[in-house]
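Each of the two complexes below includes subunit A, the first together with subunit B, the second together with subunit C.
Right, the complex of A and B next:
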């Protein structure tokens, strides 16, 4: 019985850690499907974490989540105005947005709370236990006793799968990503589609960030995103730009992170920085192992229109 | 080729970009409740207030930025999107410090060159992974170099808390390196060390390589159009991409070790405040020209040196410096793009 409860709490942790990655990666997947790669996603995550913290302090944890969504979306809008509207290089613009977001969130945090080093205590979003479903042995508590963002992720995956592959809207999105010129000729507004998809991705990354501050930790710290946005971009590649693949890849990483915590708890003598590196190394290994069979959207990373250079 | 318009364009974009940054930063500072005038005054006094401030602070801070800026500029020239200078810097720092601490010699003429070679080799090795992943498996280097930055940080944490920790095992740092591994002072009476001269020499060498050698021409060709390079059939692009990765990583590796050998004399967790990322702003502002990187590294060195004074004298958190760096990148990108669009409009009538 002890083993079963250990397994169960491992699964709870794995799903909890996988949820923010799944949210950010589902958003980035839609963005990349329109041909935009947003390295600034990391910036949306850290803005989401700070926005979530400020919103929660002002009006409670759920307002915090909403606030995190908005701040994440705003960071992505900033990226999109440069990289999509103006047509600057996506990778360099995204890196700049990430650097700037880490800097400015730190500046806002310090001017609001001072640099005292005392940990901030935030009202957290409590887990919602779904009746009946959460009583399924082992998997029930892991999947159905989570905070609200987890359920958003569960609903989002099938919704996005349907939207992307079964509707005209999804066809337009994919056309813009595969061949913006052809989409333009067919009357699809390329710039507007890319702008909206990028802001959508930023909103979900913001929710992921708010999840970090309001569900995981109950506090905000500078640089607390710690590369979650970058890992989410790797998750999109591993999930081969499909909603179900992305969710599976995100859960895999959640499990890797949960495993790292479990190993630390099991033997505190083990060098923990090496375990912290584990998810990043797994991302790298998985990219090499899987990438060969995946195909990115044809127009990924190229600004449009391309002619005026 | 029209050389002078290119230089004029570069200067104009840099000046307009910096001016736009100053205006936006002033507005944001005012919005944040800080006085832009007092902030800029503190920043400039901190960076240029006296000969010693300039040499011992601005130029010393510019040195690692010069190395990493050159590393990024070289890679970007070949369209190798190396966002991993930060990780390569840590790899170089760790290798240099490990060799300096473990090698049983105290002859400066022997130890210093060996540590420099070890640091460059470790930086190149850290870049070799992404190079192999791109050329053999087709995995883009943006994500792989980014992820390896975190791995390098954790590796550094592990080493300074474990195998390389100082003998007393109190602080998360290494022991002091032997004096034989110190880089000597460049200007007596200041903190400026020979590493700065070394960085300028690397800049000159890179400029000569890119502008005057067949290898440089190949690298620029691959960067300008990988397809054209392949179709031309004159040479293979893969070795050029490898060369760009390894050289870029080696130069970034030097940044980390030179900082230790010249300034800190020991390795600790937060050695770099993000020089590998700031390097992107340094390289872009210089339009990827190695000689111009010398100037832009000093500009960002001044920003870094002034950042401390800004926090102390104007009460503005140092985190603002990173924000301002990002503003420089965005302003330069936008100015350059607007120039392109205006030029295209002009040609079209």
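Right, the complex of A and C next:
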């Protein structure tokens, strides 16, 4: 049964790689639902990874996760103050936050630990094996023998689906993203909604970053976010701005990455980077609308109010 | 139109001035009828062709590229600016400067136009239209954005164009400008030509009457005015309100009190502060100065239905929910009573006879008239004690408009529970039909009409900002 165990370990890797993407993408989905596209998400991820590392060293792995959430949220707050509050261009502001964050986190890391080249060892968040569920053949260990952030991601999808489509908060969020003028006219505080949604997205991206350092690797390295924030933005597109779609898309991206590692291990003839490129092609296809109607929120990317009083 | 003529085209908002200008400028095709230029019937299928036939247009909204310099903007559409290989023609700049000197237009050619004032941009716009030396120059409300001195300058330029043998069509809603410069004038009302005459043989009152219609609203047909205030404390009150819109002063010291059960009509030519007044009354814009006391929930039928009234990507039910989500009856904590909202949406659709495939249809897929019905019905539902209605019947057919007016009247007649209603409309007939009191909004100021002054003539005069102290001898 060597094939079966290979499949099982592939699935474990796919879920493990998919979880940070799902977390960051679920947050970014909420942000984009209010009409803000946070290109600075990568910044929140790397700050989350560093915050997680520092927090874990100071007070243990779970404090590290909480620390990662906070630093990720702070990075998003920086972005939001400019892009939402002051109405600066979202793409340019987000790019600045990303590049600035990569630089700053590197500087903080070096000043704290020096550029020794010796890998930092962090206390890691252990996997929690759920009784019964983890005994389901093949899928059980992959889905239900993961660290805490994975379970947060599983719970977030239905929670967000319910919040977005069943509650008045969700209604306000979606209205702000579709048509800020109409939302404003209906008495929804547009700026505040966008600020909070952006910070929420940053918090989840921070958790994703902390997952990278505290679950995945047990260390911190400069630029270790490796584009995860950008991938999460693509995941939102492929998931068509719906919570379940985003989780499915995140797992798919995770599977593609896991497959790439597996192919390297198996010495396959196929050039493995191909599998890294595949999900992006599908994201483009999703944008074109090949998987049914995929429409970005109507006000996505445009500052509000358009003409300042 | 003959060469050397300046023809004023006037009428109230929605009278068809801009449509007529667009047809002549080649931007819109007539459903029937012909345009003749130089005696030949022509079919104008675009601005470029109209230009080739000698018709140049200056638009109501600037059509300049803000980051280009004045010269670049002028050259953009002028075939004379380029030689056969598409390179900049030699001496073009000198030709532009000569033309500007000839017309005595002071233009700044080397600055990006985005940084210039509106008057300077307007001069570039005019020079741009005049560079190919057109036979007909069309200007669609060119003075709307100009200060008085700039208006005088522009009118002088138009006179020089006419003196040089050009024909000028000036679309305007300010009577005095037309009287100052035009040789002949045409008045449009509701898409019909009601008068064409030599300016020398007409007068301001005759034109004003032709614009707004000669029907005089008698108190018996129009007024439910009960004489005494309905209730001592107003549901909404503005005092000394100043507010800006897009950086321009839109309201200057507005005072208004609205009581339950009354309909306050606000007449005025569009662009005199209506949108800002509505936003302040609806509580979505805070005044820069002055006080606004408003009830916590205000029904608001915005003028811009597609932008402010509805979320196009939402279903009808969701759109109803958005406006009513603050209602305590429809929520508990974060929960929304979707069944209650659904019933409310179906109620709106029944009440307003909305043609749709169901309440789950996307609002953006409805026709304009049906979108309007959804907004009106929903806001009727939302207005507890106060309703702001901005041109609530615009875009509706006659029957639907009559139904909306009847509903507004019913709402106001609802006894102690009746809301106070502010009706802001550019349709004077509508205001006179519904309102208990009439005020005129002109240049950001509110002028209350005395009950005896509620005639088309008196209100029309106030709308145009004519001197109220002048008595009846105009």
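In this section, the second predicted complex is superposed on the first by the 282 of 309 C-alpha atoms of A that agree within 3 Å, B and C clash if a C-alpha of one lies under 4 Å from a C-alpha of the other, contacts with A are read in each partner's own complex, and residues count from 1 in each chain.
By our rule, a residue touches a chain if its C-beta (ideal position, glycine included) is under 8 Å from a C-beta of that chain, and two chains touch if they have at least 3 such contacts.
Quantities reported herein were computed from a predicted structural model and do not represent experimental measurements.
Novice: Of the two partner chains, subunit B (first) and subunit C (second), which one does A:262 touch, if any: first, second, both, or neither?
Specialist: neither
Novice: Once the structures are superposed on A, label A:226 by its partner contacts, choosing first (subunit B), second (subunit C), both or neither.
Specialist: A:226 sits against subunit B, while subunit C stays out of touch.
Novice: Contact-wise, after the overlay, does A:178 reach subunit B, subunit C, both or neither (first, second, both, neither)?
Specialist: second
Novice: State whether A:82 touches subunit B only (first), subunit C only (second), both chains, or neither.
Specialist: first
Novice: Once the two complexes are aligned on chain A, which partner has more residues of subunit A within touching range, subunit B or subunit C?
Specialist: B
Novice: Identify the partner contact of A:99: answer first if only subunit B is touched, second if only subunit C is, both if each is, neither if none is.
Specialist: first
Novice: Taking the superposition as given, does A:167 touch the first partner, subunit B, the second, subunit C, both, or neither?
Specialist: In the superposed model, A:167 contacts subunit C only, not subunit B.
Novice: What is the contact status of A:248 with respect to subunit B (first) and subunit C (second): first, second, both, or neither?
Specialist: Neither partner.
Novice: Residue overlap on subunit A between the subunit B contact set and the subunit C contact set?
Specialist: Touching subunit B and subunit C on subunit A: residues 308-309.
Novice: Contact residues on subunit B for subunit A in the complex?
Specialist: 28, 32-33, 81, 83, 129, 133, 137-139, 142-144, 146-151, 154-155, 157-158, 161-162, 274, 277-278, 280-281, 284, 316-317, 319-327, 329-330, 333-334, 336-338, 340-341, 344
Novice: Considering the complex alone, what residue numbers of subunit A touch subunit B?
Specialist: Interface residues on the subunit A side: 37, 39, 82, 86-89, 91-93, 95-97, 99-104, 106-108, 110-111, 115, 222, 226-227, 230-231, 233-234, 237, 271, 273-274, 276-277, 280-281, 283-284, 287-288, 291-292, 308-309.
Novice: What does subunit A use to touch subunit C in their complex?
Specialist: It is residues 163, 166-169, 171-172, 174-175, 178-179, 181-188, 295, 297-298, 307-309 of subunit A that touch subunit C.
Novice: Would you tell me which residues of subunit C are touching subunit A in their complex?
Specialist: Contact set of subunit C toward subunit A: 244-247, 282-285, 300, 302, 304, 307-314, 318, 321-323, 325-326, 331, 334-336, 338.
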